[in-house]
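In what comes next, chain A is part of two complexes: it sits with chain B in the first one and with chain C in the second one.
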Partner chain A sequence: MLDVLLIGLSVGSILLLASLGLVIIYGAMGVVNMAHGEMVMVGAYAAVMTQIWLGWSLYAAIPIAFCVAALLGFLIERCVVRRLYGRLGDTLLATWGVAILVQQAVRLEGGLAFFGIHIQGLGPGLQNMPVPPELQGAFLVGGTSINAYRAFIVASTLVLTLLTWLLMYRTRMGMQVRAIIRNPRMAAACGIDVERVNAWTFAFGAGLAGVTGVLVAGFKTVSPDMGTSLVVDSFLVVVAGGVGSLLGAVLTAVGLGEINGVVAALSNDIVARAAMFGLVILLIIVRPQGLFSFKGR
Partner chain B sequence: MVSSLDRRATFAAYAVFLALVALAPLVLDGFWLNRLAKYLVYGMLGVAIAMCWGYAGILNLGQGLFFGIGAYMLAMSLKMASPASLQHGGSGPVPDFMLSNAEPGAKIDLCCINPLAFVWSPFRHQSFGILMGVVLPVAVAFLLGTVVFRKRIAGVFVSIVTLALVLLVRLLLVDAQPLTNGFNGLSDLAWLRFGGFEFDPYGLATYYLIAAVLALVLVGSRLLLATRAGLILRATSGDPQRARYLGFDVAHYQIFFFSLSAGIAALAGMLYVVVAEFASPTFLDLAFSITMVVWAAVGGRGSLLGACLGAILINMLESTASETQSLVEAWRVIVGLAFVLVVLYLPKGIGGWAHDMLARWGRTGRAAE
Partner chain C sequence: MLTSSRRRLLVSSAATAAAVAAPAWVRPAFAADKIKVGALYSQTGGLSIVEKMLANAVRLAVSEINAAGGVMGRQVEVVLEDGASDPKTFNEKASKLVTRDRIETVFGCHTSASRKAVLPVFERRNAMLFYQTHYEGFECSKNVVYSGAVANQQLGNYIPWIVQKLGKKKFFIVGSNYVYPREMSKVSKKLIEQSGASWVADEYLELGHSEWASMVRKIKESGADVVLSNVVGDSLVAFYREYKNQGMSQAAVPICATVTSEIEIAAMGAEYAAGSYTSVPYFMSIDTPANKSFIERYRKFVNDPKAVTYHSLEAAYFQVFLWKQAVEAGKSTTADSIRAHIGGQTYDAPGGKVRIDAESLHAWVTPRIGQWQADGQSKVVDAAAQPIRPLPYFAYGETDSNLMCTTKGAAQVKV
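What follows is the complex of A and B.
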């Protein structure tokens, strides 16, 4: 039973990491970023590339993936998202277009594939990211064997969530983001540079997605379309948890992860995912404002 | 006057489009006729999206659900009529994938070849498949719409619910492998029969069946949206709160047009099965549902004909591009880019843009008089 719960916890951790960025982006900017899954994918590719080209391990890939995804996020905000504030539905569509572009960029190796140049680690095929030896295998805690990599995912998520919380609740920038989440116009009227804060928020959210990608790369094959299913799941977490609520995202992600883990143990992975979707649909219908929400926006 | 110019231009556009659709078989062979028939089916999906999104203001990211249910319902009855399902020595037809999946010694009959196989038995009658193909999706849309719109869930939340629902159904469809043939979907189907006449997917009759349904759907929707109900619908999507103040039951109109749009999508799904001879879980993929929205957005969501043309033209270009492998990937780049640019610079799509240009032209024309 404990192992099932840990599997659920690790599923929830991945969900949470992918959602954290979305919670802030959606909450602060009113942007439904369908390209968020592609940020995860880019992070995973960054990990694969560091392994192939630099020979560095998964640990080193984490900061690299964060920077790569954050930079890409920053560019997307500057080029596309910036022009769409206040048009929620349109952000969804435009970022879907961006998602296609990012996927194709990886598939076509940045367009070089047309000229017959191939970069190892990119392209339409599947890639693998080896896990460091100390994270392979399992260890025993009180009679239950615990998969080391799953424990690592949970621990990394804890650290990153804590970091995000500190950023949001203990720094000046975080205070500004929270002000924008509550009321963007009032925040602007109080002298907060909303455009600048938005750009940084978007980049930070994308960076978190990039780190998620590294962790996912450790147990899944990396492919250009790996992000799509993840973005859907994490969106459901954000909406069910309550827009802009960090606590809501944490509890919803862990709850859904556990439900996924338990149902998967009872029947199979497909039914587990279906159960998760069904639950979230019910949740949205019963409580459209999400589990944890506050007035505003 | 601008509005009469507008009306005349719209009328002319519809007339030209329908004439082109009617005359296309004069220059096309069976292969291209079959292809064009598929594009017309997509055009029907464009109309469904434009009605739901452009007029009712509901961005449904799960339109594939209705398309898929329609397709599967008809495909089930066509599967039962296929020779492979009939020739196995048992008493009635049994879908061939069930035969190959059957455990040794199982009774070869729909009662008990697998636990839920009896669901298939009414599909022995083709009329049941056709009926369910429309009734079931509309019922699902009605129920979903009632729950969602009565609770005044709006905007992006509706999109998320529909998106989650289509994926939920897709997962269950794939998981119910013994019943639905899972990932493989239903292929090797019989031709649609109607009063002794068989619709050959490459034949002229099938093309005209689809063309006629599209014409009916397009003109019917256009006329319906021009009525008072259509006007009220637009008022509700513009400002639901104000429409409520004026005494209109907003949810009422939303549910009606949402269900109607689902019905059109379901009809499209059924016709797609007739012309493509398969039904597959890819109809319920998220990518397909969003792709439909792309067609409508590029063509113009505020115009039924625009969305319809958008769907047809994008698919035409796409299949031309897909003749060579490297162009397929490049084509997707173009679609992605076009999508971003249209959302950024032409929010009303090409149809809306043409509309605006016409209005401007009408104004300058009048000023010169």
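What follows is the complex of A and C.
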């Protein structure tokens, strides 16, 4: 039974990783960022490229992917998103468009494909990210075999969540973000530079997605459309957990992961996924605001 | 690879546009000496990665035929259409090729879904489709030449070999949740029982699903000593990775697959697949001068020195030559003539001799079993002595002496 719970925990960690960036972005800005999955994809490609061009391992790829995705997120915020604040439906469409652009850019190798230049690691094909040998295979702890890579994902998620929490609750910038989540106009009236804070928040959220990309690349294929399915799961967590609530996201992700793991073990994966979605539907019927949420928004 | 194909596409579409724009009296002069054939493969969307390779194989074959003087002294022109990874688009593009362009032969489709979608077009307009992908069988159209393997050619030798040579007794069957894996599993269960072994489970995951933790745990707990995988697409990359990551060893409990090919092995990293098996008629590693030359020509054609070849790609290539032979045998490009003359045609494909069955229009191919090595290539560990007969209705009791798919077409056969 313990191994089932561990599987559930790792499924939950991946859910949480994918949604951490969204929780902040959606929470602070009310922007439905449909390009979030593409930030994950860009992170994964950053990892693949680091490996191919620099020969660096997965660990070194994590900060690089964070920076690349954060930079891209910053640009998207500056160019598109900030013109659309307060228009939820429009941000949805605009970021969906951005998502397609980013995907195509990877497929066409940033447009260089038109000139016959091929960049190794990009393009429409499948890429793979080699995993360091110490993360392959399983080790035994008290009679239960633990999958090394999944343990690594759980640990990384823990660290990233802690970092995000520290940033949100222990820094000046985090306090400003939280103020904006509660009431952006009031925050602006109190002298918070909402635009600047938003830009940084968006970049940070995108950066987190980039790190997710590196971790996901270790067990999934890296391809231009890998992010699309992830974004659905992340919204699941954000909506069910309560918009902008870090605690809500953590509890929902782990809870849903465990339900997925247990149902999959008892029945099968298809039923498990249906059960997960069914539960979320029930939850938002009973608590439309999500498990935890602030009154302000 | 991408770049060269795009450039050619641009050039060829520009040429087509020019031909259309030319005054009417010029056009017959162009059309008279060229035989047009269609190539219907996704150039965009999720399936484009694979289907572009297939389109390239067809174009390579056509360019070689043209270089050698064409068909009946006429040059062959490929009209490439994009199915956009969507069955509905496949249907529309098939109509366009067959009805508007009046093309009598189309090479194309990769998934069963797209083939089923275009089938009515070819049957209604009496045109020929050449389909190269190995598939689940259970279909018999007099308008389709099937040059890939069917279930009995992949599993007929595979299951007995697993039981006898590998000494495995308990199968865990796993697949993606759609028609191909389910039909394959139906055939394998029959063969497993005939071989005196048993199967402990038969489980499916959504197409494209990549969370394998629970499934691999089930395989571990089930006590199975071999896994039969009909998993498709990039979700099998996640599967092989998870398999190793949970400490399963290919030496103790090997994954025996029907789909995993050189492409997926390259995508997952060879170390995850090393030791597992696949049963298909063609492997890139087949060590013959014909195959080596084929790989070299293909790589040169797509301008990628590392390009991989695999079974459907090989079939996409050789089916064009079979078409050529049928056209020349009947001295006509019409569907009726091709159908009448393609049965019994043989060709020395890169992977060995192939023959089209006169009854079912499916190909006789040589089943082979390959074991994947650390370098991402396979070692052929077992091969049939000669090509064996395709039995598309094998799961429904079709045998050599009781053919269900015959020249009359199995459309009338209700199973």
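Simple rule for what comes next: the second predicted complex is superposed on the first by the 297 of 297 C-alpha atoms of A that agree within 3 Å, B and C clash if a C-alpha of one lies under 4 Å from a C-alpha of the other, contacts with A are read in each partner's own complex, and residues count from 1 in each chain.
Here is the rule we go by: a contact is a pair of C-beta atoms (placed from the backbone, for glycine too) under 8 Å apart; a residue touches a chain by one contact, two chains touch by 3 or more.
Everything quoted here is computed from the prediction, not taken from an experiment.
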item	value
Partner chain in contact with A:Q127 - chain B first, chain C second, else both or neither	second
Partner chain(s) touched by A:I285 [first = chain B, second = chain C, both, neither]	first
Partner chain in contact with A:R273 - chain B first, chain C second, else both or neither	both
Contacts of A:F114 with chain B and chain C, given as first, second, both or neither	both
Which of chain B and chain C A:V32 touches, first, second, both or neither	first
Which of chain B and chain C A:G86 touches, first, second, both or neither	neither
Chain C-contacting residues of chain A that also contact chain B	113-114, 124, 268, 270, 273
Sites on chain B touched by chain A in the complex	59, 147-148, 151-153, 155-157, 159-161, 163-165, 167-168, 171-172, 174-175, 286-287, 290, 293-294, 297, 326, 329-330, 332-333, 335-340, 343-344, 347
Chain C-facing residues of chain A, complex	3-4, 7, 10-11, 14, 113-114, 116-118, 123-128, 130-131, 136-138, 145, 147-150, 218-221, 223, 225, 229, 260-261, 264-265, 268-270, 272-273
Contacting residues of chain A [partner chain B, same complex]	32, 80, 83-84, 87-90, 92-94, 96-101, 103-104, 107-108, 113-114, 124, 228, 232, 235-236, 239, 268, 270-271, 273-274, 277-278, 280-281, 284-285, 288
Footprint of chain A on chain C - complex, ascending	2-4, 6-7, 46, 48-49, 52, 177, 203-206, 208-211, 213-215, 217-218, 234, 237-238, 241-242, 244-247, 263-264, 266-269, 271
